[in-house]
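In the two assemblies presented below, chain A is common to both, partnered first by chain B and then by chain C.
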Partner chain A sequence: MSNNLLEVKNLSKSFGGLKAVSIDLLTFQKNQLTSIIGPNGAGKTTFFDLISGFQNSDSGEIFFNGKEITNIQPHKIARFGMVRTFQLTKVFDRMTVLENLLFSGSSVKNDSFLKSFLNPPTQRNYEKELQNRAYKVMEELNIKHMANSYARELSGGQKKLLELARSIINNPDVLLLDEPLAGVNPKLAEEILSLILKLSQQGITIIMVEHNIEAVMKISDRIVVLAEGSLIAEGNPSEIRSNKKVIEAYLGSENE
Partner chain B sequence: MNINYKFITTLVLTVFSIYLVFALNTEGSERILLNLLTFAGIYGLSAIGLNVHFGWTGLLNFGHASFMGVGAYVTILLIPHAAGREGEFSTNGLPLIIALIVGVIAAALFGLLLGLPAIRLRGDYLAIVTIAAAEIFRLLVRDLESITGGVYGIISFSDSLQNYRPDFIDNLLTNFEFSPAQAWVGTLAWILIFVVLLLLKRLNNSPWGRALRAVREDEDAVRAMGKNAVWLKLQSFMLGAGIAGLSGVLLAFNYGSLQTTTFVPLLTFYVWAIMILGGVGSLMGPVFGSIIFWVIISETDRFAVLLFENANGQQIAGVRFVLVGLLIMFLMIFRPSGLLGKKEELLLNVK
Partner chain C sequence: MIDQLGNGLLLGVIISVAAVALSLLYGVTRIVNFAHGEIIALGAILTLFFSGSVDSRVLFLDRFSPLGMNFVISAVFAVILCGIFGGLLELMLFRPLRRNSVGNIAVLVVTIGLSIFVRHIYLLFATGKVQNFPLELQRRETYLFFDMTPRNFKVLIVAVVVMITVGLILSYTKLGKAMRAVRDSEELANISGVNSDYIIFITWVFSSMLAGLAGIFQAIINDVRWNMGFLILLLIFAGTVLGGIGTSFGAMVGGFLIGVLVQISVGLPFMEGHVEAKNAVALAIMILILLFRPQGIFGKKERIS
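Now for the complex of A and B:
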């Protein structure tokens, strides 16, 4: 079997007359840290929405681990082990940080109505173990002291951390990060960046949309460049840095 | 500390409103109190169901009356009853307890039926659909005269419940001019509130309750975490609808006759007012909110007489709506989290 964890074929999505995404073939390898870059409106977030099931594509196929996941519901894709974050951080505002993590870490079976009603010892033990897991993740991400604060009391950067914590509590195979550094101060950005690198080294395949080119160049194994919905380049950071098409897309063509 | 303070304030307010009943009525105050406590129990139970929808899950349900109606009609039609203008009494019917279970399940299934197409809608769109569905239900019941008795309603069904009335209720009420039949309905309503609250407390602290709260906060994030938000919302809808169905049955027994006019949108708005007054999202809130609300409702005429001399019945009815409206306005301005709601979980900003 090939090393392709995620494979996208002939994927397209239009909004009215505007072609948001049109990709012939794009693959993502296991254990790689891939960044998707491109100018605003290049279709990066739409691409994320398509592969995570939050939007349906007009045509094309998406394979995850050899299984077709085109246009299936987002929660099913997440259960396969591909978890995403959002460009505009989505935390559960009026729940505590701990509750945020407990909910995300809890299995679907554990959440069942009947089980919750009967509250058997198995569930109580599971909850205890879950709580330990939640504290471990909070410690790792340095938000343990906020455990009992409501999520809406957190700063923007802390919310990013919480969202990240929530996404990794169940050890996903693939993590889709939509602008993990947006609106975060440089010091915290540094922290988040090293965290992402650590997660990647732990064996999580990471696909990241990010505008901070310096950061992207520093940590990515591979960079994919989108412009106007299509793939214009892919390669390792140094290849991308010297790619003429990429420079044109970002800085505008010389012969205009 | 904070919770105690809130709880004490609520208790004081509740006791004060009960005192008002005695202060404003020179005679028959016990009768008035027992009557309003019966209504408070039934409406409180309904508000507890609505709280599961709105307080826990964030579902803006404005068709609560229809869930109460489905529970009531299904149950009453299954027990011996007489329907229609010249309705003949049919002696054959199911025992009440079985009919009640079927009625509650029917209300929950009606919630599912309504939820399946509607629950993907958010916020105010769901509110529009539910209020429309509730009206469709009411008009349908009104027009299906051969089964539901239409505008003539259903009567002669109370015996199924009153046959089980324990003697002590009659003995206790010998000194009051109060119907033991209504006292029995009221007692049952408060027993059921107690039981339902115990069950909900268990669920609220469970992983399931946590999942509902997450749905209330952000559905997309719930989906991204691999949880089926639509199914969670449907479950919440069914549970709340079932509780509403239960309260609808009690309401029918309290009136002694079942009329479509009982299930007008106003019923839904009363239940909403009770929930907001008690505190959205709080377990005990609707219970106290309901008592205080019913004191206001039943004593309006006393207030109206104090305000306007020689007010007639129609004017007093007007004052009632003005007071309920003012109550909700002042709550929204000064205490949007209600009597027992948590300020941190202020829930009135619907996404």
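Now for the complex of A and C:
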């Protein structure tokens, strides 16, 4: 058994005549923190949509944990243990912070229609355990004091934290973060960055799309560079920093 | 005015059940369903078809006699068939539209077209005549401070029980929570492991069953007409908006208020001889309330950014 947790082969997706993604082979290893960078329109988010099931690919195969997950529905992929976030932060507006976590944390088989009325001891234990987990995560992310606030009342930064909390409550194998630092102030960005690092050290495999190059260079084990839908380079931060192709296609065109 | 209270309570619970169904569907799918009235009528027409006596003068398609089944069994069958009808609408019409990212306004227009189409199918099938369920006439009796027939009182009780059940399901079951989750964000529900397509399908079935039931109630209390759903559709919309769009509890209360207001206004002194204008008073009150509470009675103001 190889160390490849996620494997993408010959993946392609076009919109009209535009090739959004065209990748021959790309693998992600267990316990690594990989960042995907590339200029706007490089196909980073489309790539995320494809591997998380939100869009169907035109061709190609995606394997997760040795299982083929190409073009299967997003909720199934989430249940397999690959959880994503979105560029525009999404939270359940009409639920409190705690309810957000409890909802995302409850596994389907343990929360049946009948059980929620009958409330047998196994159900109570399960709920208790879930609640403990939710409080632990909130404590870790410093949002415990907002447990009973409605998510719609949170600020943008707080929603980012809630989104992270919700993503990790089920101990996913893989976390796909779509621009986790976009639109947050520098202090919170620092906080989120160290959190991501901590999650990575706890053994969660993280794949992150991010425009903040400094941050990416600082925390990534490995960087994947996309341009116009194709893979143009991969390697550790120092390799990427000195890669001519990358400088041409990406760093050169940006005012960093 | 007070002698209209019994009628008001009855219309109130009918509108209320129908408004919850409409609001639930809107909440989860963002579809403003103008064909809701036709699902209401379907409940009543099917019940009439199943339960009408075989040798009655009622004929469907000018040829077929009713089946003469037991009334309660007929009603149950009709509600189940309404659920199946709603489920089929989702599978064959609204899911494909959603897949192709057809906009909300276009979908709204589709529901208007669907409403007109289905309504006229009823006109062909059940004729334009006003019909009645095969139920014997009853004398009004006094309950507390209002008058109604024992049968209508039963309708009132059943409607209240149904609404409490719906409230419990929405608040405490995984299904209810999943519906609320899909309402807030379909994508987010997906990554929380919820199959949003399935939840939307169930919502269609559930909403249509409630609508059909409301139609049966309406027909027990009044009569069966091909356009009966269409006639009360605007009151249902009014109730939903009054309660606060997207809140099921609001729709229950808003729908109930609208129904009661419509009937009570019949007893106002200046309404004598102008009973047909009863909707005017209730809807004027609705507009007034919305002027002061734009988010509806139970709607919440939301953070914009």
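What we mean here is this: the second predicted complex is superposed on the first by the 250 of 256 C-alpha atoms of A that agree within 3 Å, B and C clash if a C-alpha of one lies under 4 Å from a C-alpha of the other, contacts with A are read in each partner's own complex, and residues count from 1 in each chain.
Rule of thumb we're sticking to: contacts are C-beta pairs under 8 Å (C-beta built on N, C-alpha and C of every residue); 3 or more make two chains touch, one makes a residue touch a chain.
Quick caveat, the model's predicted, so the values are computed rather than measured.
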item	value
Fit-or-clash call for chain B and chain C when the two complexes are aligned on chain A	clash
Partner chain(s) touched by A:75 [first = chain B, second = chain C, both, neither]	both
Touched partner set for A:52, first chain B, second chain C, both or neither	both
Which of chain B and chain C A:123 touches, first, second, both or neither	first
Partner chain(s) touched by A:94 [first = chain B, second = chain C, both, neither]	both
Chain B versus chain C as contact partner of A:83, first or second or both or neither	both
Touched partner set for A:171, first chain B, second chain C, both or neither	neither
Contacts of A:156 with chain B and chain C, given as first, second, both or neither	second
Residues of chain A that lie at the interface with chain B and also at the interface with chain C	52-54, 73-76, 78-79, 83-84, 86, 90-95, 103-104, 106, 108, 111-113, 116-117, 166-167
In the complex with chain B, residue positions of chain A that touch it	52-54, 73-76, 78-79, 83-86, 90-95, 99-100, 102-104, 106, 108, 110-113, 115-117, 119, 123, 127, 150, 166-167, 170
Contacting residues of chain A [partner chain C, same complex]	52-54, 73-76, 78-79, 83-84, 86, 90-95, 103-104, 106-108, 111-113, 116-117, 152-153, 156, 166-167
Contact set on chain C toward chain A in their complex	172-175, 177, 180-181, 183-185, 187-197, 302-303, 305
Chain A-touching residues of chain B, taken from the complex the two chains share	199, 202-203, 206-211, 213-214, 216-218, 220-229, 232, 235, 239, 344-347
